[in-house]
Amino acid sequence: MSSTETQEYSPYLQPGGFKNWFFTVDHKRIGLMYLYAILFFFIIAGVCGLIVKAELLAPGMQFVDYHGYNVFFTLHGTIMVFLFIVPGIPATLGNFLLPLMIGAKDVAFPRLNLLSFWIYVLGAFVVILSLIGPWDEAWLDTGWTFYTPYSIDSSTGVIPVTLGAFILGFSSVLTGLNFVVTIHRMRAPGMTWHRMPLFVWSLYSASLIQILATPVVGITLLLLIMERLFGIGFFSPELGGDPIMFENFFWFYSHPVVYIMILPAMGVVAEILPVFSKKAIFGYRAIAYSSIAIALVSFFVWGHHLFVSGMSYWSRWIFSLLTFAVAIPTAIKVFNWIATLYKGSVKMDSPMLYACGFIFLFSIAGLTGIPLATLATDVHFHDTYFVVAHFHYTMQGGTVVALVGGLHFWWPKMYGRMYNELIAKVGFWLLFLGFNATFMPMFILGYWGMPRRYADYMAEFADLHFASSLGAMVNGIAYIVILGNLVYAAFKGRAAGKNPYNSLSLEWSIPSPPPLTNFDEIPTVTTWTYGYGEENT
Amino acid sequence: MANHSNWAPGTFFHLHEEDPVEEYENFKLGMWIFLATEVLLFGGLFAVYFVMKWRYPDLFLAGAAQLNALLGTGNTLVLLCSSFTMALAVDAAQRGQQKKLVWNLVLTLAFGTVFLIIKFFEWKAKIGHGWFPGLNLDIFFSIYFMTTGLHLLHVLVGMSFIGLLLYRAVVHKRYHEENFGGVEIGGLYWHLVDVIWIFLFPLLYLI
Amino acid sequence: MSSVFPEYATEAARQVDHVQFFIFLVMAFWFIACNAVLVYFVFRYKRKGPDDKVSTVKGNHTLEVVWTVIPTILVLGIFYYGIKVWAGTRTMPDDKDAYVVDITGQKWSWSYRYPDGQTTDQDLYVPQGEVVKLRMNSLDVLHSFFIPEFRIKEDVVPSFYTYLWFKADRAGVYNIFCTEYCGNRHSQMLGKLHVLTPEEWAAFKAKDYFEVLTPLEHGKDLYVKKACVGCHTTDGSASIGPTFKGIIGRQETLTDGRTLTVDFDYIERSINKPDDEIVAGYPKGQMPAFEGQLTKQDIQDIYTFLETLK
Amino acid sequence: MSSDRKMGHVQDFKVYVGVLLALFVLTVVTWAASTVHFGIWNNVIAVGIAAIKASLVIYFFMHGRYEKQETWAFIYYPMLLMAFLLGGLFLDYATGSSRTNKENYQAKPTSITLIHGEDKSHGEAAPAGNHAAPSGDGHTAPAGDNAAPSGDHAAPANDHATPAEDGGNH
């Protein structure tokens, strides 16, 4: 046990009060503030998603008109991507756990960490600002991809949202920068690169992408704003611009950003599996290096978003080949996770349930990516519901399930209280059922050629849409159950010990909730964080 | 900024202390990474430049002919000198020579303002011809105003950064052998601004 | 092989179905294999007590190499098969005698021009068994021309021509979708592709395929085909554009304050150049300019249709 | 305070002056190289000399020579990404993009016309359709997928005027 504190131990949550939260530079509090902000936006975007699904319940327009449907699917996309899932795991669990896992007192630049949180809030405010104004003038209806030339001559609030996304880009770059410097320079003595937890490896590769991809979308959105304000002719065809160039620049950022979303989720799963199967992770270096490999390869593959936009023959040929290069490291990770359970002693608590659910859903997501990478089939599946199902399996089935699993796993560490295990399991199965009921029919809709972003559809697609919309309602209820359980546990849960799941990782060696300066004195790390087999002799 | 005692620990004004050499190395690595993002920001613009040059080659030749290469070369030389004096300023801070540090910072700011003045005349000439963003400009001048405008913004940010360093060096006498990190960071940023102009000058003015 | 795809109508589509079926087999195999092993491990190694004997294996290099090499080979195989089929569908066989149709996409309606100058709206008529090349261009924003039964799709880009080609083997009526988001009525930008048998095709070329419409019916048909229905209602209810109920002879005040009674000249001027005289209170720039697409006779027919709307 | 490791490295004065002179010389060389017309090679030369000047500044002025390998990673990798971005873009544009330019469609009245004053109509609203002022851009109207085995015929023959042009005749 670390030497007793000079003054008695007080968790990081005291002292409270607005001043101490508004000006805090403690990475744990900033992690919590991010958590509250992104869950708030998750609920808003989720409601928008449910409105979209409610509208698709039956052919014909029941609840909203065409413009309303376009507004809500745009809001669902924009808020989910820029405000919830890009900050997502790195900003919440990443901020909270990175210094704890590598044995540091705080991130490299604490003030910059606080600055990037308030830049995030400013960006979120500017995005929400676009909703102020007349219904058919201000509410953005261009889809979260802002494709020109529609986003140039659309009368709706493109400028506030793109400006907000530009500002959020800064917050994401600064967080990435903070994490990379922290991992490079502030690891505890003895914590070599190959003794770091795999969550830190995945945060490192996600931060690399955040740093290197975000500036390109920053300049693209800036050019879009300039084009709308000053009529500078980069993207609009009348002024000699090329709308496909916008697509190229947008997806040069937006494909790496989907790997920012999924890599930390893979890191969380790689943390949960060894703890609940009491066995060392299988192929530590394979998983660590495939995280970095995905981060590097993710910059070469954006062309598959433009397969049908009139690209040249050889351009499609090469981008299809490169897109398959991303499938290999992902496959290696999945195999290594499954091998981790071999000859372990598996305890199916709720975090483990989420981790196995992640593997199940993510294997569907990964495998349905193959027809989208193959040119022959992608020409048919492009911009149909097959793509919608594919990326929801990756984002919701992957990232959100891993985020919720991670929250369950580290909740005792964050708040020092345990959640109700039964409700958590019920919540998982409700989510699993609702999610599959929503998105499995969409694959078949994609086969039939039902295009994306359609407010109304022809009669032959009606029954699958009906089933999918019902599933979406169950999906929504599941989140209410899960988040309610966690929030209740944060206040009234029974006290959790220092290490309820007796994990060997560094963050479980300090009392929970951890004191302000994490470690009394920086620990020297001598063993590997997954040495489960050896100790118990 | 001194740690005000009445703030609770772990807040903006009451940080835990870090070993100065450690902090210096962190600061420098962080700055280099930030420079990488700036390079990619301008990289996106240069990519637009190359694509549009491919699509409208003679439009760009005509546009470049329209620009005043002499002013461009002048600007390049001015920025190179400002980079030189900035490097000397960092060198002076490392050696702890206060007077040389202050003089070099002042010289860098002077070269910066000369750059701004030349840029002002150039833009005034362009606007005189009626090519100003907002008049449905053609591609070349859109790119011209976009790149030089963004670069100008970075020059202004860099100069205010150096102004802050000057204020701290003169009033607080903060920079000496043991604590010159701030000057080095300012220098890195200013050199980046110069490097971007080095790439921008031939592409826009000469070819 | 009963595939979930809609019935294929071209040889190229049949091959695409084969590629997808092959990929589906690969997907199903790996999915079932991985998750069966996972579920087996979960139950086989269920935790019995706190100090179970646990293996300390950390990794296995040969296994790592095996499950890197096998997916790589598999994935390259899929890539090769996919590229070979796609090259067949994408490159035109020989386009000297291809039947070229010009397609123009504009906000929320398709219009087609045939080599002999004939034009149709919304519905495309092509001969069976002949190589047809579609040369596509958009007048305002990005659209995308998609025929699910042929498994072909290509974006329609303003200021550029993009092309698609197919050889329809089976006559019939197929759907046309717009799959690139193009604004308010993106979901209504539909059409039908009629693959005509040789004798129907001969009738179509001789221009008597369609029964001759009276001016009133032709006006009503244009009202639907040219997507006026999207923004102008006939029952008086408000929409993007002014309603057509009782429009003839109505007093309208324009955005620049002038007031005028709606007559044939105003209708013709606002059809050709809508943005010059917008009625106050309605958004500018929403209505595409039909100048050059509608003859004076067409506008006359539309006018006769509007007169009936009291 | 473990200050045994020295902070930063000091270079002597001559290094800085030498680098400055080299930069001046290279600027003049760039200007000279641009006056000679090498066609496409002009771009490569200009970017090459600029890259040399940039590496001089990074290596000496920014003390790049003392930086560890992790910092140099963040100098090289953005350049690699730029190469990929440009490579991906020109893979599409240069190898015969299957988007052929509409034959008589051109961009806005260009600065060429403004200079020679032929087209005084600058400033009027850009008509949505086509413009008269042609500025040759032969590059973008290659024969469709000229890399593709068949390669459909060159820019469409003139008898199919663009649909928006002549009225539909029944």
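Remarks
Chains here go by letter, A, B, C and D, matching the order in which they are written, and residues are numbered from 1 within each.
Just so it is clear, a residue touches a chain if its C-beta (ideal position, glycine included) is under 8 Å from a C-beta of that chain, and two chains touch if they have at least 3 such contacts.
In this text the structure is predicted, and so the values were computed from the model without any measurement.
Relative to the C-alpha centre of chain C, the farthest chain centre belongs to B.
Centre to centre, using the average C-alpha position, chain A and chain B are separated by 34 Å. Separation between the centroids of chain B and chain C, computed from CA atoms only, is 49 Å. Those residues of chain D in touch with two or more other chains are numbered 70, 77-78, 81, 85, 89, 93, 98-99, 107-108, 126, 128, 145, 148. Residues of chain A in contact with two or more other chains: 184, 212, 216, 233, 238-240, 244-245, 309-310, 313. Of all residues in chain B, those that touch two or more other chains are 29, 33, 36, 40, 43-44, 47, 51, 55-56, 135-139. Chains that are in contact with each other form these pairs: A-B, A-C, A-D, B-D, C-D. On the side of chain C, the complex with chain D involves touching residues 87, 90-95, 100, 102, 104, 111, 113, 115, 117-119, 133, 135, 137, 139-140, 157, 159-163, 207, 289, 292-295, 297-298.
Chain contact summary for the complex, chain D toward chain B: residues 1-3, 5, 7-8, 10-11, 13, 16-17, 19-20, 23-24, 27, 30-31, 33-34, 42-43, 46-47, 49-50, 53-54, 57-58, 60-63, 67, 70-71, 74-75, 77-79, 81-82, 85-86, 89-90, 93-94, 107-112, 114-115, 122-123, 125-126, 135-137, 139-140. Of all residues in chain D, those touching chain A in their complex are 70, 77-78, 81, 84-85, 88-89, 91-93, 95-99, 106-108, 126-128, 145, 147-148.
The touching residues of chain B, counted against chain A in their complex, run 7-13, 15-16, 22, 25-26, 29-30, 33-34, 36-38, 40-45, 47-48, 51-52, 55-56, 133-139, 142, 145-146, 150.
Here chain D touches chain C in the complex through residues 98-102, 105, 128, 144-145, 148-150, 152-153, 156, 160, 162-170, going by the rule given at the top.
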